[in-house]
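Below, each structure is written out as structure tokens.
The following pair of complexes shares a single chain, chain A, combined with chain B in the former and chain C in the latter.
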Partner chain A sequence: MLFFSYFKDLVGQEVTVELKNDLAIRGTLHSVDQYLNIKLENTRVVDQDKYPHMLSVRNCFIRGSVVRYVQLPPDGVDVDLLHDAARREARGG
Partner chain B sequence: MVAGLGEFTLRTGDGFGKPVLDESNGEELMHVQPSVAVVLGNRPVESPGTLYITSRKLIWLSDVDMAKGYAVDFLSISLHAVSRDPEAYSSPCIYTQIEVVEDEDDESDTESTEVLDLSKIREMRLVPSDSSQLDTLFDVFCEGAELNPEPVEDEEEEGESGHNWVFNADQMDVIGGVEEDAEWSISQSPTSVIGHSNGDEGLAQPMLELQINDQRFEDAEEMVHDSETKNH
Partner chain C sequence: MSWAAPDDIFFSTSLAAYLDKKLLVLLRDGRKLMGLLRSFDQFANAVLEEAYERVIVGDLYCDIPLGLYIIRGENVVLIGELDVEKEELPAQMVQVSEAEIKRAQKAEKEEMLLKGTMRKRMEFLDLD
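Our next item is the complex of A and B:
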């Protein structure tokens, strides 16, 4: 559940979600659920030439299983905190 | 497993009614939206039909041609969104991306051939005549997606940690550590200390340095990775 609660803390921030079909969508993180399904608002597609149909989209729901990467705002990440939390959870503590 | 878009023709009441659902397996109807046109990929808009949203999938049945209908599982819907920009598409609609089975030369096939292969359709638009329903439909789609998470394929591993995919880096660390320990015990056992067995003091020295290095890097995943690749 670590990444779920971690992403919940990022709600309202600007992220870029890269899908397994190479589509990258930038937008404001609106919500995330336990399956890491992601809702974005004020979206824009990074590579607009490749996906012209996404131009018209301003908000979207992305299935968690098709997400490859989520690019986070640099100041939205407390690296030390995340590192510690990951270790704790990995060791079952 | 991922089926993409497919034909759907099972209607109740001698083929004129609602879609036949898999009720014995818990499939339920969540929402019905009349008067919805469908657009598959870059093809022209098709005559209006009725959209049925079940707890498993989307079913669109033509109002005109009783033999015509499409269905797609929520599991195959990668993304859905409300599209309102008239420059991108003439009517406000729900835009969906469908996950298809990758095939090397399917790009040219979908463009050129007359016969439509539904399983290769990557984009679908649903255009309700009542565009005030778009937000409702969007929410119902979200609900449907949440009802259909990925099936757990590897029960055994999943049971171990609950979410084994999260901590690959640390797992690497543990594996690396075990391997190092094995090397440790070999190098520390008297028979395998090369320098001592043949009486050459000079050879024992590099071995000692290697051990120090291993110890120093034991806790840093990336460095362990690095030193591992160097060692092998």
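Our next item is the complex of A and C:
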């Protein structure tokens, strides 16, 4: 549940989601669910010329199982908070 | 199972906000299906009405009508909502017939195959 909570805190921020098929999409994080499915708004594809079919896609739903990376804004990570949360999770509480 | 309240669906990750809209569904094998979303579940299984596959080869494209499709969720990569005010494809792209796109697809596949075999034969040159 840690990363679910973590992603929920990132809602509203600009992120780049890289998929397992190498497609990379940048957009505003709209919402996440327990499968780490992601909804993005105001999306644009990083390599637009290679993916012409994505031209008119503004909002999208990405299935959690196909995500390889989520690139976050540098100030989007509170390392100490994440450390504490990870330890708490590891202790089972 | 509880249903999200009407206002809620726009803030949740559920596909409810996309119901009855024209969508692009990207599949794991690279296929691009388009159609109206009529139903879905938590696995992203989805029902598309008036579905068609959009085949793109270079600057050529073709829409192949499929009818009513149920897509198994595990094959879904992305479901995109199309902006009705934007052009769906770049202006230079040309719509061609199904026969023509099949031909173009075959030509592209053969070209890739040829590139692969040429590369293999040249491997002794240590290109990288």
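Worth pointing out:
Operating definition for what follows: the second predicted complex is superposed on the first by the 92 of 93 C-alpha atoms of A that agree within 3 Å, B and C clash if a C-alpha of one lies under 4 Å from a C-alpha of the other, contacts with A are read in each partner's own complex, and residues count from 1 in each chain.
The rule is short, and it goes like this: a residue touches a chain if its C-beta (ideal position, glycine included) is under 8 Å from a C-beta of that chain, and two chains touch if they have at least 3 such contacts.
As the structure is a prediction and not an experimental result, all values here were calculated from the model.
Contact with chain C, but none with chain B, is seen for A:32 once the two complexes are overlaid on the shared chain. By the document's definition of touching, both partners, chain B and chain C, reach A:21. By the touch criterion stated above, A:57 is placed in contact with chain B and with chain C alike.
Residues 19, 21, 23, 33, 35, 37, 39, 43, 52-63, 65-66 of chain A contact both chain B in one complex and chain C in the other. Across the complex, chain A meets chain C through its residues 19, 21, 23, 25, 30-33, 35, 37-39, 43, 52-63, 65-66. Residue ranges of chain A in contact with chain B, taken from their complex: 1-3, 19, 21, 23, 33, 35, 37, 39, 43, 52-66, 86-87, 89-92. Residues 11-15, 18, 24, 26, 28, 30, 32, 42, 44, 54, 56, 73-74, 76-83, 86-90, 93 of chain C are the ones that touch chain A when the two sit in their complex.
Taken in their complex, chain B has these residues touching chain A: 77-85, 87-89, 95, 97, 99, 123, 138, 141-142, 145-146, 149-150, 161, 163, 166-167, 169-171.
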